[in-house]
Amino acid sequence: MIKVGVVGGTGYTGVELLRLLAQHPEVDLVAITSRGEAGTPVADMFPSLRGRVALAFSDPASAALEKCDLVFFATPNGVAMQQAPALLEAGVKVIDLAADFRLKDANVWEKWYGMPHTSQRWLAEAVYGLPEVNRKSIRKASLVANPGCYPTATQLGFLPLVESGCIDVSSLIADVKSGVSGAGRKAETHILFSEASDNFKAYGVPGHRHLPEISQGLTLAAGRAVGLTFVPHLTPMIRGIHATLYARITREADFQAIFEQRYAKEPFVDVLPPKSHPETRSVRASNICRIALHRPQNGNTLVVLSVIDNLVKGAAGQAVQNMNLMFDFDECTGLSHVPVLP
Amino acid sequence: MIKVGVVGGTGYTGVELLRLLAQHPEVDLVAITSRGEAGTPVADMFPSLRGRVALAFSDPASAALEKCDLVFFATPNGVAMQQAPALLEAGVKVIDLAADFRLKDANVWEKWYGMPHTSQRWLAEAVYGLPEVNRKSIRKASLVANPGCYPTATQLGFLPLVESGCIDVSSLIADVKSGVSGAGRKAETHILFSEASDNFKAYGVPGHRHLPEISQGLTLAAGRAVGLTFVPHLTPMIRGIHATLYARITREADFQAIFEQRYAKEPFVDVLPPKSHPETRSVRASNICRIALHRPQNGNTLVVLSVIDNLVKGAAGQAVQNMNLMFDFDECTGLSHVPVLP
Amino acid sequence: MIKVGVVGGTGYTGVELLRLLAQHPEVDLVAITSRGEAGTPVADMFPSLRGRVALAFSDPASAALEKCDLVFFATPNGVAMQQAPALLEAGVKVIDLAADFRLKDANVWEKWYGMPHTSQRWLAEAVYGLPEVNRKSIRKASLVANPGCYPTATQLGFLPLVESGCIDVSSLIADVKSGVSGAGRKAETHILFSEASDNFKAYGVPGHRHLPEISQGLTLAAGRAVGLTFVPHLTPMIRGIHATLYARITREADFQAIFEQRYAKEPFVDVLPPKSHPETRSVRASNICRIALHRPQNGNTLVVLSVIDNLVKGAAGQAVQNMNLMFDFDECTGLSHVPVLP
Amino acid sequence: MIKVGVVGGTGYTGVELLRLLAQHPEVDLVAITSRGEAGTPVADMFPSLRGRVALAFSDPASAALEKCDLVFFATPNGVAMQQAPALLEAGVKVIDLAADFRLKDANVWEKWYGMPHTSQRWLAEAVYGLPEVNRKSIRKASLVANPGCYPTATQLGFLPLVESGCIDVSSLIADVKSGVSGAGRKAETHILFSEASDNFKAYGVPGHRHLPEISQGLTLAAGRAVGLTFVPHLTPMIRGIHATLYARITREADFQAIFEQRYAKEPFVDVLPPKSHPETRSVRASNICRIALHRPQNGNTLVVLSVIDNLVKGAAGQAVQNMNLMFDFDECTGLSHVPVLP
């Protein structure tokens, strides 16, 4: 059993993390902080946790997080880079579910996130928490930057191709669709039920913060700079990301075999048989990523379909997977929920 | 570990049962039958079960169900009364998730279900599987009639009042709303997405089959015939039942205390603080029933709000709870999932 | 053609009013005010109006509303009672879509709305804008208080029975379900897509502001004080109200005939054949109210089902109907849209 | 006034056509046929039409369609090519909303639709009913092949670029998302509410029937064969298509100006300002197509966003637009509904 704290548990990433941690056999949840909700029992805000999480939100100042073995930050961007360093220096391990430590180049980070980066030292230390790429480093990390939801689905879908050297990495296209919970729990007009229901739209086409994150990961995998067009869309469902990925073939290969081999030992990546169409509900509330490969009309373009639950493999579940690695638990501990369908 | 078979696993009750059984530590799932789908891997029909259920659907004739310790029937009404008796006589325990053994009076059953009842002997033996009422009998039962979804939410909401003798049982009103999965997985026009989405309607107001089931249960609890108006509605959500129940007070009492005491030891019934409004999502994918009590404007009418997940406490979860009782497992085994919210 | 102004056009009631007025042949829309959005083209906020409404929001101070023939207030409660009197005194007719002039008793209003009523003189003058009850008075009115959405569906459903003297008016029950647009367009957490979708809940059971409004109307119709239990619910759909109404019979009558006769000449009330189940989508985007009557199991309780589009017959459409009456246009002008199904 | 018949009015295309025709000032609706529903009042099946369409479905054999001026076929593929020729030879004009006359090459048609084409003579005569391309021919046509929903949104989005000669037409990508009503009203499991709600998936990636239709249109516009990857997706909303289109620039130009000029005089195509993100709800229940153009990160790839209501501009509305052209009515007659938002 390890002592775990959560900073900022009032958003969707936070409540999902609490759902998973409450069922994790190795976790003793000792503090959940929220400046705005200090004193409120967690289960009053999230009635799904009644009888399962007895804690109240506590004030960050008095939470004694430095006595934890691990602290998760489920906070807005910019918080972890301020507060995590003190914990790290006290020997507490940290997983940041926000974006503070995802981009290795602080200049790029500052451009996309619009604020100065205040912890470049720890930015250099941080390990990007995509286990399918960085499993070894994660095991030894003190600070893990948990990937974004779009970047998880997109990278897992593109990685085998990019690594294979068989596609044109200068013209990648990622047309990605997200459920509304990906936009967070802060009350904003465009994500009201009456705005987002029975509706579909693209957004952020000129530039979305997940673009540099995906590019960074794929560039590392390719060994050279990739060119990526990334178009996110808002879909009227609560959970789920569906990435539809397009790549032009430059060298023939058995692409299905490339995917199957790449992920043969991955516990949370499921490569479907050829010509499958994965549905987001097939991974709902689970940590699984399902991927299918197509070559329409036997042409020159590969189409990869990749689905995850944005709150699980795209956020809280992947964070727990990283925790399992960092503390040498079985990687699947507390993550074996069967997807909820229908 | 017990050997378990499932007859008719292609509907929503069936797939939900498989989700729960696949995660149950005491269950060895040995057969899932379907006449129409014999030979099809279960995970091909329900991709959420990929990697978790390795069986294919088998033909009922060849499934050797008589070697099971327990067989669940997740079949249309009328099947279990034909097929269960042979299993029961072979010493196999049976839980029927359909309606065949729910109504004690075969004449009433035949009137509402429009066919002759072919197993009145086993009808007499069957125990109505509402643990909050019949826990002791369920432990010893060979055949359990698993309650309907509306009857579970409605009876759990009304029982403390009806038992208390403080309300007029001749004028009960149950205005109940169900998610669309309650209508099953058979393709019918009125439950198409484009018909049922962004829409709300009542149905079956002249008479619904769950009316006599609820009346039977409440009449037993009251010790005399109850009068019930039952109006079901279809709500554009996948899972969930919300019962809004109305009763007229005939004798003053501490009604909140009556509820709290009635359910104090129940692991799956959660009585909320006064003036609460339970939401169906607060029990999504879990076996919990949450109940709140109101007395609007301090008037003469009590309003009880009762929510369940129709596929769990209203079907498959309650069936597993009954299995746990029948085989002397801890009652909560395999049923401790935290609700999925959002 | 009349000159029409709209005060507060940024909510759902406002945009729906603009949709209807933009297609109304007798209306010249001259000003739409919004303090917060002054200068913004209306069609920038509501792209559905591109090419149809060329106005920008204007500042209320400079809008010269006193030159209008009619001004609609689609504002939060408390605004019209402040601003309408000056317009009325300048000879402008006013329709208030908020609640300021709905309750005749200022004390009751103040209790439920939590602020002093500042225009009791005009409260006395105001006509409650339910044409099926007050058509004659509306024709001559300077100030119309447009009814609430729940009150419209509930009163139209109960009125024939209450007027008939055949039911017990002391024990009326209204179990009413609303689409989420009824909660407005202000960003609040509980109406976010990820909160309100795939979910169902009651709210305001201890007391909702529409309760005194309904009671006032039914009391007038009954000729004596009615007793009403009113339970509103939030349903995961954008538009629509479904009222399920319960009344106990005290005297036998041909209830179906009572409904048919009561509404025989009403252009916007459609009494369905016996045993029908009206769906909210059957009136979507139209000004129609459809009503069906049931007497389940031939018992003592009548069940009335009444559906409207909360934004049309429950708000903007009824306001246009009132405008048509006030200016002696054909009552159906601009309101003949066929419901949008699916 | 013209006499109009509709063959096959029981699907979503049919009921939408009836909604529009019921409000069209130049149309006298004289017959709606359905073999399966002959004798049923249309308004019994579609309660939205109560009071607006008094006809019952009639048997096709006895419908005297040859006395109509125009007959719409809203039938499954393969019906119109059997039944339309006799009407055409009797001088009746025909608009087919199915696919029978869309592909000029009968061999291609037979390959994709899996049946022999029985009316190649009329196939040669048919005019493809996309007014933005074929307005002049449509005016003189006897037989119009109404375009598919995906092809309408996709062609309108690609046409200005393809005609401009500034993009690589060999590598077009169309990632298109449809509401569920596009899959029709026939009861099938995968479009049940409990399957399609809260879910997102691609389908038909290996090959969809709308691919050759789009390719045919774009090839004509380009003057040479285009290469197109077309991936359709099912979105949990009732109505709407959102096409996200990708094209590589081969020659610099003012692309925004190209779109604005191309559609300057089109009554139903609305080119949005640069960097806009059109939403499907902004055209809900209207005949409008809204288009926005992006060049993300000022790179080499253009992204076009194009939205329509699949049942209106993607089916029934475009058919009425074609009717208006064929009978020399104002092109917008009966099609000026303001979109329904929210």
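Every chain is named by a letter (A, B, C and D) in the order it is written, and numbering of its residues begins at 1.
Convention: a residue touches a chain if its C-beta (ideal position, glycine included) is under 8 Å from a C-beta of that chain, and two chains touch if they have at least 3 such contacts.
This one's a predicted model, so the numbers in the text were calculated from it and none came from an experiment.
Engineer: Starting at subunit B, figure out the least number of steps needed to reach subunit C through touching chains.
Structural biologist: 1
Engineer: Measuring between Cα centroids, which chain is at the maximum distance from subunit D?
Structural biologist: B
Engineer: Return the distance between the CA-based centres of subunit A and subunit D, expressed in whole Å.
Structural biologist: The separation of the two C-alpha centroids amounts to 39 Å.
Engineer: Go ahead and note the Å separation of the Cα centroids belonging to subunit A and subunit C.
Structural biologist: Taking the average C-alpha coordinate of subunit A and of subunit C, the gap between them is 45 Å.
Engineer: Measure off the straight-line distance from the CA centroid of subunit C to the CA centroid of subunit D, and report it in whole Å.
Structural biologist: 36
Engineer: Subunit D: which residues touch two or more other chains?
Structural biologist: Within subunit D, the residues that touch at least two other chains are 12, 179, 181, 194-195, 197-198, 236-239, 278-279, 281, 284, 342.
Engineer: Would you pull the subunit B residues touching subunit D in the complex into a rising list?
Structural biologist: Within the complex, subunit B touches subunit D at residues 12, 179-181, 185, 187-189, 191-198, 236-238.
Engineer: Going by the contact rule at the top, pick out the subunit A residues touching subunit B in the complex.
Structural biologist: Interface residues on subunit A, with respect to subunit B: 12, 15, 19, 22-23, 46-52, 181, 197-198, 238-239, 270, 272, 278-279, 281-286, 290, 311, 336-342.
Engineer: Could you list, by residue number, the parts of subunit C that touch subunit B in their complex?
Structural biologist: By the definition above, subunit C touches subunit B via 171, 173, 175, 177, 179, 194-195, 197-203, 205-207, 211, 227, 229-231, 233, 235-240, 242, 244, 246, 248, 275, 277-281, 284, 294, 296-297, 299-301, 303, 305, 307, 342.
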